[in-house]
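Read from first to last, the chains carry the letters A, B, C, D, E and F; within each, the first residue is number 1.
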Amino acid sequence: MSKTIYVINPNSTESITAGIDAAVTPLRSADGPPIACVTLADGPPGIQSQRDVDGIVAPLLKRAAALEDDAAAFVIACFSDPGMYPLREQSNRPVLGIAECGVLTALTLGQRFGVIAILPTSIPRHLRYFGAMGVNDRFAADLSVGLGVTELADGERTLARMIDVGRILRDVHGADVVVMGCAGMARFRAPLERELGIPVVEPTQAAVTMAIGRVRLGWGGRPLGGGLS
Amino acid sequence: MSKTIYVINPNSTESITAGIDAAVTPLRSADGPPIACVTLADGPPGIQSQRDVDGIVAPLLKRAAALEDDAAAFVIACFSDPGMYPLREQSNRPVLGIAECGVLTALTLGQRFGVIAILPTSIPRHLRYFGAMGVNDRFAADLSVGLGVTELADGERTLARMIDVGRILRDVHGADVVVMGCAGMARFRAPLERELGIPVVEPTQAAVTMAIGRVRLGWGGRPLGGGLS
Amino acid sequence: MSKTIYVINPNSTESITAGIDAAVTPLRSADGPPIACVTLADGPPGIQSQRDVDGIVAPLLKRAAALEDDAAAFVIACFSDPGMYPLREQSNRPVLGIAECGVLTALTLGQRFGVIAILPTSIPRHLRYFGAMGVNDRFAADLSVGLGVTELADGERTLARMIDVGRILRDVHGADVVVMGCAGMARFRAPLERELGIPVVEPTQAAVTMAIGRVRLGWGGRPLGGGLS
Amino acid sequence: MSKTIYVINPNSTESITAGIDAAVTPLRSADGPPIACVTLADGPPGIQSQRDVDGIVAPLLKRAAALEDDAAAFVIACFSDPGMYPLREQSNRPVLGIAECGVLTALTLGQRFGVIAILPTSIPRHLRYFGAMGVNDRFAADLSVGLGVTELADGERTLARMIDVGRILRDVHGADVVVMGCAGMARFRAPLERELGIPVVEPTQAAVTMAIGRVRLGWGGRPLGGGLS
Amino acid sequence: MSKTIYVINPNSTESITAGIDAAVTPLRSADGPPIACVTLADGPPGIQSQRDVDGIVAPLLKRAAALEDDAAAFVIACFSDPGMYPLREQSNRPVLGIAECGVLTALTLGQRFGVIAILPTSIPRHLRYFGAMGVNDRFAADLSVGLGVTELADGERTLARMIDVGRILRDVHGADVVVMGCAGMARFRAPLERELGIPVVEPTQAAVTMAIGRVRLGWGGRPLGGGLS
Amino acid sequence: MSKTIYVINPNSTESITAGIDAAVTPLRSADGPPIACVTLADGPPGIQSQRDVDGIVAPLLKRAAALEDDAAAFVIACFSDPGMYPLREQSNRPVLGIAECGVLTALTLGQRFGVIAILPTSIPRHLRYFGAMGVNDRFAADLSVGLGVTELADGERTLARMIDVGRILRDVHGADVVVMGCAGMARFRAPLERELGIPVVEPTQAAVTMAIGRVRLGWGGRPLGGGLS
């Protein structure tokens, strides 16, 4: 099982890739597929607008094409799941997005999920995606910390805001599970869960978990709807 | 009122732009905004995959930026509404997509809308979008004619298949209004409606209608959620 | 194109008809269909209860029948869309309701729409209609200013309350677009939008915009579900 | 307990009132409220269009006002529940509609309900109502027998068509309970259920059942949303 | 009509059975089916967890089997409707659950129903059930009084908390009808409704009402989906 | 990491446990948690009715309690997820159900999922669960092969029927991914997928995949809604 699960951070901020790498380390096993976290150098420092989302699709597809032969699966580590559908068309490998897997995993941990976004402008984009996913009946609310991707580097301030937002999600909106809505929030999962007392999902961990299963089982790699064309 | 409503055909097939231009001609008025239909030369001959959709966002935004000063509004004339959300972020003008306007217009003409797609692979993409739009409760079915964009040039074959699919939408799935799911189908609206006996929506006409209103009224040009950031 | 789009105000308050007339003036064009705003003299001063709504259907149908030969289209200018479905059965012209068109237009301007109602008793009626329209997944909230139709004449008080309610819709319920839920609120659109910083839809303008398109394009005039009977 | 439950047949066909009367007879009890089935002489022979529905609201309200002092509750015995909401505003008594009660009762008997309509034109009207009721997730399909209200008098033909339609609802659309979508179908309940082998709901029986409870318990008579105004 | 409607309180608290018995007394009639309220001695003092719910299914089925020959119908008087589906499989009689009937009855009294639960842990269980019932579009909120079943015995404290919670449901969440989410709350219906000014549903009364109809009409006793197996 | 993931087959048919064991073998890793598949000797040969489902909760909980100290996580290997919620209350370990995980995994592989059930009577039970899960907008259809659990032993007949049903799900109902609705179907995944040409999900594999992630990551073990009580 020498092929690799590639976790692609589509922004260019290396410290976020490092945080992702630390987050998925417990999922590495001696006889399992290697897990490599890579940074999309062509990406912006943070993916914050729909323009950012759509803009990194082409470089992401190019990077993934170069990795295809060596890839066991791809995980796109941005909460907007940029390029997930076109990469499923392009690649013969399983392709997983962290927003999709993070939300679906949350559905096994609580009845109503709340989401912590980075910026207010992320929220309509998330809502469109949750509608496309068909999970509105399980949705509590999506609230932002008002910090851009690179501002998450200030850990103390970020965690404090995440705790504030998480409490509102829990107490006002009835969320009984929370999804962190940015790959850059990975290191805050444990302290946030401790403070809130309800499960907190780190979405890259959720996606890599599912990717490992696909690779080991040898299924899930055909393109979406491929059998219908 | 000298600024222009730009209807951008994001594929490179000039004959489709010509068909769109003919379709919107009745909407032109002497004292209203000019309506110009332009072709995105950088686009593929037809937009058929999610990769095509995402791939033309960058050239579309570039083209729209060049037109911004002279633009009264933008209409994106592809049933996947590629680049609609990022163009709303980029531009200060109203931005309308033909899928969104076509489906919403259908909701004023029948209780359950059916859609005629070009290819089977378009259908999951449409379904995701209808979910994001939140209109599933009004949705009857989405069926394809099995023809690529450029194959629509064979008018006789295309119309025959559209009639077949339209009848199934009406009789099996209970659709009482049909939306044509490709800008390249514009010239078939009238004969199709005659055959089916239920309203048929040409989505570019639906979108340009709404764009004219926005321009004349002077509202609807601020970016989605812009007031929240 | 000498036939006329008739905008029928189904209440008997002439000042509201005048406000509607002013609101649709920018939509008039030299070579387009004339737009005439008429008052239903048999209606109550304001349509505030379900009884009012149902009670004006018969006089509305009678008035529309008298106008049919000269009509290009009908717009019913009351946010409960009274008589819209039976008029679609009776008339061969396009028939549009301002609530339907106002809400659908809002869906192109934001992800979650809020509604400003006149009275608390209007709200369950609106909710039933939004359910029938199938747009609940995009609905933020519907809150009232607590003023009857004729009380809207006090412009200062009305605008102040609309701003208060609009802020709650935006900040507490997450609305990123607002629909004004009464034809009598037309003159408050611009100042309200300025205060809220998010798009505000005047529903009669939305409906007349769509009516003009139908008339120019020559479609959309057959009764709902007419092809099925 | 001398006040009477009035079951109002809003069409003028006396034989249908007689059928309703027979259907509710088992619900009469010596010490319970009398149940009187009355015909709205001003109604059309059958209520088949939205115009019919809206047109009988005024005479229905007038008739109910005359009965108010003697009434324990009102049941509106037409599957479009005409006038139900305005009568709830007008009357201090419980007001129940047979479509609402018939569908809700079906939800206790199966997971997906099918409806047998009289005419194809009834179906969009039913769908709007089911949307307003918020029961689409439990809805299988609504199919018509293609017979007007007065044509139901031909019992043999009607039952044969109801059985055909019921089988399609059950076998093609997965309905496991069927609601008869017209008060004039009351006498076909037992034979239809025998043929289909799944529960069949007669909606007037469902509504009168609930009305009796309201009267005996002394609650449920306040107007909808009355406490909010 | 000598067979009996058995209302089974599946917890072992006799005072709750007594409260239920008082609540259904107005529904008893001289010539109708007797209504007997019985206590499941094997049940816990209160049913508060999913474990409690599932744990009483077996003794409930056993008790119902013993009563089957003498039973006209069964009503399960616990707001989690424990054992309702398996009892429908086991019994030839109509089987009604108080949560199902209580919520459906509320849908005839208001547009958005709120629920008063006993404990916070009940809420996710209720939400799952409302999802299975498909009534989320009519759902306002479900809030708890924070009291266990046996604590409801302190009437003054319980009523005070129910009024507080009811006001939040009405004023913050827009509920215009409230369902009491525990059979042990029966005696608080009238004072709560008086305080809130909107309809309050006592769910056991709602279920027994429907059971009486089934018995008198002689239908509704076949198992759910029985015709499909 | 010596604690074990226990996959509990709640029926007593050892050959099904053996099939599950074979299915999850690729998921075992040298340095990962052991995965043990155990049979609930007290269960029926197959879990086919709601009574079966509810009836095995008590023995399942008892068995799980005995395993708790040695358990890293629990997977309940029956497509009705019997006892999942009460086991989440009882245990401090992650508890996953195969229906929940199978359906959620399918949502990452196609836009509309179809389900192959064993018996027609399973379908309403599944539909209730999909409603509780809130995934109806992604649901295509649920059809049965008409075979009881033990009849699945006849592999040739079972596979033939699964292929027939799978084709109807794909071609008539538009499913682009299929979930096998019984743990006893595990060995048919690969040949079924080959025949259908669209992804097929084996739900026990989906659940064990997610269980491994939870164990390795050390989160997801707190009871549902535990933080709210």
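Here is the rule we use: a contact is a pair of C-beta atoms (placed from the backbone, for glycine too) under 8 Å apart; a residue touches a chain by one contact, two chains touch by 3 or more.
Here's who's who by UniProt: A, B, C, D, E, F = Asp/Glu racemase.
For clarity, every value in this text was computed on a predicted model and none was experimentally measured.
In terms of the stated touch criterion, the partners common to subunit B and subunit E are A, C, D, F, listed by label.
Here A-B and D-F were compared by C-beta pairs in contact; the pair with more is A-B. These two copies of the sequence, subunit E and subunit F, are related by a rotation of 180 degrees on CA atoms, to the nearest 5.
Of all residue numbers used where subunit B meets subunit F, under half belong to both copies. The two sides are thus made of different residues.
Separating the centre of subunit C from that of subunit D, both taken as means of CA atoms, is a distance of 31 Å.
A straight line joining the Cα centres of subunit A and subunit D is 51 Å long. Separating the centre of subunit B from that of subunit D, both taken as means of CA atoms, is a distance of 42 Å.
The set of subunit A residues that touch two or more partner chains comprises 110-111, 123-124, 128, 131, 133-134, 136-137, 176, 224-225, 228.
Taken as a contact graph, the chains fit none of the simple arrangements: neither line, ring, star nor complete graph. Taken pair by pair, the chains that touch are A-B, A-C, A-E, A-F, B-C, B-D, B-F, C-D, C-E, D-E, D-F, E-F.
For subunit E in complex with subunit F, the touching residues are 49-51, 53-55, 57-58, 61, 83, 85-86, 88-90, 119-121, 123-125, 128-129, 131-134, 136, 224-225, 228-229. The touching residues of subunit F, counted against subunit B in their complex, run 110-112, 137, 174, 176. The part of subunit E that touches subunit D in the complex is made up of residues 26-27, 29-32, 96, 100-101, 104-105, 107-111, 133-138, 170, 176, 189-190, 193, 196-200, 202, 205-206, 208-210, 212-214, 216-220, 222, 224-228. Contact residues on subunit E toward subunit A in their complex (touch as defined above): 123-124, 127-128, 131, 136, 141.
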